[in-house]
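One chain, subunit A, appears in both complexes that follow, with subunit B as partner in the first and subunit C in the second.
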Partner chain A sequence: MASETTTGVERSTADAPDGPLTRVRDALEGPNTLGNSRAFWAAFVALVGFLFVYPMLRSTYYVNNTAFLLASAFLGLSLCLVWGYAGIFSFGQVAFYGVAGYTFGVVSINITGPLGTVAGLTVGVLVAAGFAFVIGYFMFYGGVSDVYVAIITLAVTLVLNTFMGQTAGEQWAVGTARLGGFNGMTEIPSLALGIGDTAIRVADVPFYYFVVGTLLVTYLGLRVLVNSDLGYVMVGIRENEERTELFGYDTRRVKLGTFTLGGALAGFGGIVYASWGNYIDPSVFGLTFAALPIIWVATGGRKWLSGAIIGTFVVTFISQKLSVFGGQFSQIILGALLLIVILGLPEGFVPQIHARLPWLLNRLPGGGDSS
Partner chain B sequence: MTASETTTDVAGAALLRTEGLTKQFGGLMAVDDVDLRIESGDIRCLIGPNGAGKSTLLKLIVGQLEPSAGQVFYRGEDITDLSQHDRAREGLSMKFQVPAVYGDLSVRQNVHIPLQREVSRRDIDAEIDETLESFDLLDEAGTRADDLAHGQQQWLEIAMAAALDPDLLLLDEPAAGMSVQETERTAEYVHRLNDRGVTLLVIEHDIDFVRSIAQSVTVLHQGEVFAEGTIDEIEDDPEVRRIYLGEGH
Partner chain C sequence: MTALLPQVLNLLLQFLDSFGFLILSAVGLAIIFGMMGVINLAHGEFITVGAYGTALSYHAGLPLVAAMVVGVATTTVFGLILEFTVVRRLYGRLLDSMVATWGISLIMIQGLRVVFGSSLDSIGTPLGNIQYGTFSYSTYRLLLAGASLALLGALYWMFTATEFGTRARATIQDEEMSRALGVDTNRMYLLTFGIGSALAGLTGALYAPTMTIVPGMGSTFLVEAFVTVVVGGASVLVGTTGAGVLLGAINALFSNLFGTFAGRMALLVTTILIIRILPQGITGLLNQIREEEA
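Then we have the complex of A and B:
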């Protein structure tokens, strides 16, 4: 039996008020996330269960491709956090994605073995976070806001695109890692976790499980964050920064922290991508790729974590299917999709479906717990 | 910088004091050498014609604008260089002229954001209920703030500003656009807050509303303090009637 509390979040009366389950749900649930019901968590556990048995059902090719689709969600989630929750419209999340991907390549090529990839992963995330911190510091403490944030972040990305594109010469190498200009950096090793001979090479099915596991942890971690006091402040900044500042919150610091975390998250996505393809090139800093996370997140629903993940997965999947007919055809459809979403579903399709779910479920035979 | 690190005002125990506070926008002197003193527990109304500099003065007090000259003292400490959020943490709170609620969020979420600074997670639901109840908004807890009537939006923002448990609450035209009944209810809320120990500085054009709440009145004209006193003294002042109230008063 379910009951409604004053917070609007459904609670089962079977849960003890101070029991561990209630405490976990209190941390994970709130008005800043979709899915605050037992039905949601039941579906969530079923989905996670399916994702874990999926490699046993499909060939390595499909498993690899699904891992790629899921890995894109780190970039989508990073934009969702900074834009959807804190209202910082970054057009340059891919800059952190690419910088971390290249950093991972440089470190893991120079330090061979599992230690190199673990070091590359750590250093890559730290460099992306540090890069986001520096850009964010100058933007937020310099009073830059709104559309100028988009312009600055895009400009940084395009500068990196131009710079990395001219690094084809032999002089553009860090140790044994050649940057490779527009041909990209090749022979980036796959992630390996562990020490020496006991390390597990994270490729194919292990890579898939690595992506599923880290995405699960990231999603749940972000749910806790956005439903915390800090998450409320982020949402307050998105809705009205001046009002929030006058409630005693240092909004510049919160924006800087959020932007830095978003940079780290995008960076992690870039490392996963570089490790997946053993390759990275300057197109990750290109205008087309910079626009993609915006399309993913806007389509799914930028104000919701689940909107960002589902939007990223669905749009990337459609894009892949369309690319069979030619890359430009895919881009035209994606552009049209963005227009349709902005004009027709400005909040994205996931919250729309979520709002209509009770209506849909009640029409199923036997109805259902629909909240 | 915290208030404790700043210069101490030797002049005395006023809750808020401004000294020579001035704000110039290009050639326009919006606030001109204003010395204001508000004692703890007061309900001070700030009146004056449009363009007199009332809202600018409030923005200077809360730190939304930097003064061209002069100082702001709060509890005897110079807070002129403090940021807006630090001033809020010192106990200053404000309701904007145009209701600045979080339009896309529910009424409950609107109150949650300021209240969480004062109340633990464990107690916050009950405290939100209590706050909304005291502003007759409990029935609207789940309503999107943008969907509230204008008067309710004004009350919601007062509730949000009051949720910080401030010592000094600045209200910029809290009764603007309200019906007579709504204005009366707003006056009740103001008195209730004052009874709780909140000092209020209120900008208002509705002189009946001012009469119903003011313990003292400051008249601002062309950026300068033109007159100060009780509402009766102000209404009897022929010069104030000439520049603002009109001869009919």
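Then we have the complex of A and C:
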């Protein structure tokens, strides 16, 4: 296990000239992420370029749907950071996702106008992070084992599910925002950035660009994080927590910090979701939805950021197709997928493909810049 | 005084009810966790299988008790098959086994819906009610609390007085050593998983007459089972019983004062507070006391 994360790449290229570009690459690259070659970055730029012109090629319906698929990646990335990198087995990322979504709804319905949605975004992320901090404090400073972390986070999620389910009555309202029980909270406004008349309402195509932009920033930011010294400590905790502690690192603090950041990230995803559909309901706290991020990240490859993003996109795409063609069997197929991945491909499919990529590229005419 | 007595009785009955529910929800999960270290996330669906087996055979014309036996047997066979095909491959990969059993749970919930539709006809709670003051209480639910006590007694006997129990405790304590001494630990794990499944099935069978029988009914038991196992710790009998008493009292008190949901909330908050003080649960506390005495 440990050798996988330390072989393959040098942390810095010694003979390269020390320009600003080299320093940026140094920060972005390292053994904790896949794709550290010139070819990767060329492909990456091409992909981002394609994502930027995509709305000009397809109708608003497809753009909206692709935005939804990409927005799910925030939840996937949050689980990837917490579970894949720091080894914290959280079954409750959807709790932060849902809490932030509801908070965004409450704030943005009560404070009308763009100010309300910006306030909702800020407060929502803070509430999710605070919630993660409190639960994380009790778990990590109590020193409970991995299994208990999984059970506690899932229990919190399920209790929120029953709580939100019973908020149907008139008395369950915060200001003018009704929580709405099992029917969920409706009429949540779309995000709007800016103040007063100059604000841009982030819906449809602007929403798509908003998601692509924030996802890009999140991905690159997380790459810097996991390849920093802190990222090394996180991976150290995943591989062997006791040894990392003996080296003098405060593993509890690192875990709490990672978990809080993961909560904030999942919360951001929840806000984007609530703003996309103008709606949120208690099923985001349900057992089935809670399993989804696990399926995405496990399938793609939980130990890699790109694995989480690609896994999320691919599995969400497939399950959308399944719900059209597979009907009532879609959940069965998703469960079976999870089972097959765990039994047959525990590292996920993205690292598998990545490992075979140089071989594939060398078959192409002209060869490839294999890393 | 005459007005207070029914209130006290009410609280006591509620405590017995909570205690029974917590113990019966958790015991199958606790046995598998305590002996194998595996958390079976399909535990709720094992309970559902027990309830479905009971309800289907009851509607087919069997008397209720026989139908319950069928429910338990179905769940046991089901658990043994799963152990043989999936769980066995994941020993030593604790977290992976949780994810895999979650996959099984998703398949089962939807599978039951596809095969049997969105719900089964309910059975109807037998045995009527007992009256006291202005209140009445279902006799059957009292019987369930009694069943949980009887079950704990039977497990105590099984672990302390039978050869299986001795081998099982040896396997928990030191797997390698017991294998060296001739215990077939793989067979022990298979049997343990079978017993855990049977107990989950029993829970489903016992609660089948009191609930609406739907594919997702297992999740009703899940939170209670989780908190009991976390508060109890790895020791099946002492830990689970202690957790049942503590959480049952808290649940009864808060449910009585503020309603069912507050009771559930109180369970969760208590559990989160307890792991801060006792990360190993009640089992850890007992070990601490034992070490101090020694």
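We take it that the second predicted complex is superposed on the first by the 351 of 371 C-alpha atoms of A that agree within 3 Å, B and C clash if a C-alpha of one lies under 4 Å from a C-alpha of the other, contacts with A are read in each partner's own complex, and residues count from 1 in each chain.
Criterion: a residue touches a chain if its C-beta (ideal position, glycine included) is under 8 Å from a C-beta of that chain, and two chains touch if they have at least 3 such contacts.
Here the structure is a predicted model, which is why all the values come from computation and not from measurement.
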item	value
Contacts of A:254 with subunit B and subunit C, given as first, second, both or neither	neither
Touching partner for A:235 - first (subunit B), second (subunit C), both, neither	first
First, second, both or neither for A:339, with subunit B first and subunit C second	second
When both partners are placed on the shared chain, which of subunit B and subunit C touches more of subunit A	C
First (subunit B), second (subunit C), both or neither touched by A:139	second
Partner chain in contact with A:245 - subunit B first, subunit C second, else both or neither	first
Partner chain(s) touched by A:156 [first = subunit B, second = subunit C, both, neither]	second
Contacts of A:147 with subunit B and subunit C, given as first, second, both or neither	second
Contacting residues of subunit A [partner subunit B, same complex]	5-8, 26, 31, 229, 232-233, 235-236, 239-240, 242-251
Subunit C-facing residues of subunit A, complex	89, 135, 138-139, 141-148, 150-152, 154-156, 158-159, 162-163, 166, 287-288, 291, 294-295, 298, 328-329, 331-332, 334-339, 342-343, 346
Residue ranges of subunit B touching subunit A (in the complex, touch as defined)	62, 64, 83-86, 88-89, 93-94, 96, 100-106, 108-109, 112-114, 116-117, 121, 125, 128-129, 141-142, 160, 164
Subunit A-facing residues of subunit C, complex	33, 37, 39, 41, 86, 89-90, 93-96, 98-100, 102-107, 109-111, 113-114, 216, 219, 222-223, 226-227, 229-230, 261, 264-265, 268, 271-273, 275-277, 279
